[in-house]
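Shared chain: subunit A. Partners: subunit B in the first complex, subunit C in the second.
Coming up: the complex of A and B.
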């Protein structure tokens, strides 16, 4: 038994967030304004995601939190403990065992099932914000479906760098209507945005909630002669030898030695338990001992 | 106010509402999929499912329109006691509840170009709710699915308004299904 109301937030706040989530699902990719509350953590630490999770969780859920793919970083651990304490729910690090996954900036490598819900923490929900600082103007642009400026930005990438240099928070068009910021996930993850699970996005400081229902068409913006390409480091994971996962590059000593490893820690450790071993890895059993 | 207006709500509001919302969210995310909700006993003729939706989503911030079928003193007292939602005319409704043929669909707000979310969510009480009838496709639906809708053309016209439009939650006994504005009906 906890001294908090279930999942921390009061019921009226949850109803307000729940209404915003339903309108978000009814208008995929449209940013629904909501009255974001102060949470017991600073803005920028996932207050939007936490509020959406609090409104969505039931006592039967198993909750997983990842930060850049990792279950064991400060942000992930503190949010997981927050809901353990305030909602008394089960938690897990295994993607397959989770019914609700809150994420900062990654989509798990393992394909999500139709009974899973993923909640994204979003810093800047407005994809046009860095191109047009006025909310009045960007709202008008969305209402008129006026997205030429975004294509100009991608074109300028090509003219300056020879390629679309945008590597994360790569803009997508949802169901042929709204251009949406998928949160700062690497563009490697963009193809996964068409999935069987329910996707909810929460931006606390910016007070916006948006959503993608299952099987919704999500297209990464591109040009015919410069088609969208999900990229990753051209390397295999040095711990589990995976060639299909998104990699982090780590500097491991003062000589500048590097190693690449899966950013999804659950995916990597699951592979190592299965006996996969990368160039710099030691077998999982020896490492644990 | 009669004492029966003070009965029939959630026994454990935070927990019961969380389960109810999950069912409503899945219904809205997967149009045509029928979910079951329980735990609320509203006055006749309101169904358990419709009462559950109201208690999960409505509060003093959500003006509610009652169609004549549901505009009884008992229902008004029950909603006021449990949610505090103000009653309003169709033009200003955030939520509306009633039998299909008593909802003035042309009058409800369907959002504005800049705020398409400012539209009415209708809770439609149906005599039956089954997975056969009109063919549905669109976001939330893998290929196609079927749902017993009370009409076809009205939903096709509603979908053409996208991103504006009305969103529907159908209720029957303890069952709910939803049809957001994005769903294509044939």
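Coming up: the complex of A and C.
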């Protein structure tokens, strides 16, 4: 261990955050204000998620961090190292082995269990923000359940693009009450929001925490004649041949060649270990990477 | 016949200054009432008190709700009042940009009130929007344009369409023709007169333009310094003003 208090934050701060989390779980989808602290990282890099993770981590936890589905990008690596250093906890890249998962922009492909917690980093927690700039007004709209404006956005999408063009941060209604921004996950992930695990959302700069308890009903907003459709690239993963996972498109040279690969790196490598091989993939070898 | 709106002794003070005081009147279904007076006479304060934008310090505003008959809109709960203002009431602002969402297309603007009362069928919403744009003489091919691309008169007509789409029974208008040039004013007034008659709307129109009330209003209320100084049928008040201020007001209109 180091000179830090366990998981960086002091115990009073963690109590304060836990209270906000409990309130959030009691009122699914409601944005609970909390006294967000300065963290040793810039706003926008996951200060909210880090504070929520710090408040829920215990010394026995195994921690995983996802950034856009990947475990090995700068953001994921630094947050993982941060908690290794300040909490001395075990870390993993395997979704199944983690007890707390902090994520940015994705939900793992593998279905989460009831003993797992997933923490989302949220840039802008207010789903109505770009339609109604006043915070006073949006809070009133939430409390009075006036959500017509949310559909105005979807209407605008259809009238301009012929279809609901919102592809990420797709608004959902939680347990028939609060309209919530699921953080900028692709709408492909929206159906996964009904899960067994506990879902916590932390927005550091905006000082809000909200939550979805296990097995809560989460409905993506839509029109009767334009129903919600989770979309992904119409392709199979070029590395592991998966057809059911969310894909990233990569330009691989300056002649326009491209490949599609799973955005969830753990899912992809697990499949390759099992012997699945995609169009451009080479068979998985233990000593590779 | 029960009045649609029963106003009793409305008073609103801004500190020691009077906003408006001792205002009482009944408004019956299908009736249009004009409120005239100079700037600062309390017209807009009164209108905002009636429409629930301001809380009056005294008095009551009884509205004949569809479900429960006469209810005091000042003491009713905020959700109920906001529900009324989305369904049975409409509010036309002087400046169209106060009443429109400028970054949302014309169709979205008209559809917003429908979506606010749980319309969830895109085709139907768009159909109503097209219908209403037609009624206020905005051509169908402008439906996906934003109000920023509209002229002042078109913006005002769009605001009217947006307000009337849910079939309200009472319309509050605050200087609906202010800032428009006379020929556009004339068309707008013509349109308003048609809609009011056709939908059997009741309306309260605040204006300082006597020509507007002459055309639209059945009854007239003249205000000065927060007090109502004269009421009566429009033609009666304008042709035979009794109070000195009303006489001044009527004689101040420029003749062309």
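FYI, the second predicted complex is superposed on the first by the 286 of 289 C-alpha atoms of A that agree within 3 Å, B and C clash if a C-alpha of one lies under 4 Å from a C-alpha of the other, contacts with A are read in each partner's own complex, and residues count from 1 in each chain.
By definition in this document, contacts are C-beta pairs under 8 Å (C-beta built on N, C-alpha and C of every residue); 3 or more make two chains touch, one makes a residue touch a chain.
Note that the structure is predicted; figures quoted are calculated from it, not measured.
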item	value
Partner chain in contact with A:139 - subunit B first, subunit C second, else both or neither	first
Subunit B versus subunit C as contact partner of A:159, first or second or both or neither	second
Which superposed partner A:5 touches (first subunit B, second subunit C, both, neither)	first
Partner contacting more residues of subunit A (subunit B vs subunit C)	B
Touched partner set for A:27, first subunit B, second subunit C, both or neither	first
Which of subunit B and subunit C A:78 touches, first, second, both or neither	neither
Shared contact residues on subunit A - subunit B and subunit C	144
Residues of subunit A that touch subunit B when the two form their complex	5-7, 11-12, 14-16, 18-28, 30, 32-33, 55-60, 139-140, 142-144, 175, 177-178, 196, 198, 211-217
Residues of subunit B defined as touching subunit A within the complex	13-15, 17-19, 21-22, 24-26, 28-30, 56-59, 61-62, 94, 112-117, 119, 121, 138-142, 162-163, 167, 180-182
For the subunit C and subunit A complex, residues of the former touching the latter	78-79, 82, 86, 101, 104-105, 107-108, 111-113, 115-118, 120-123, 125-126, 143-144
For the subunit A and subunit C complex, residues of the former touching the latter	131, 144, 146, 148-149, 151-152, 155-156, 158-160, 223-226
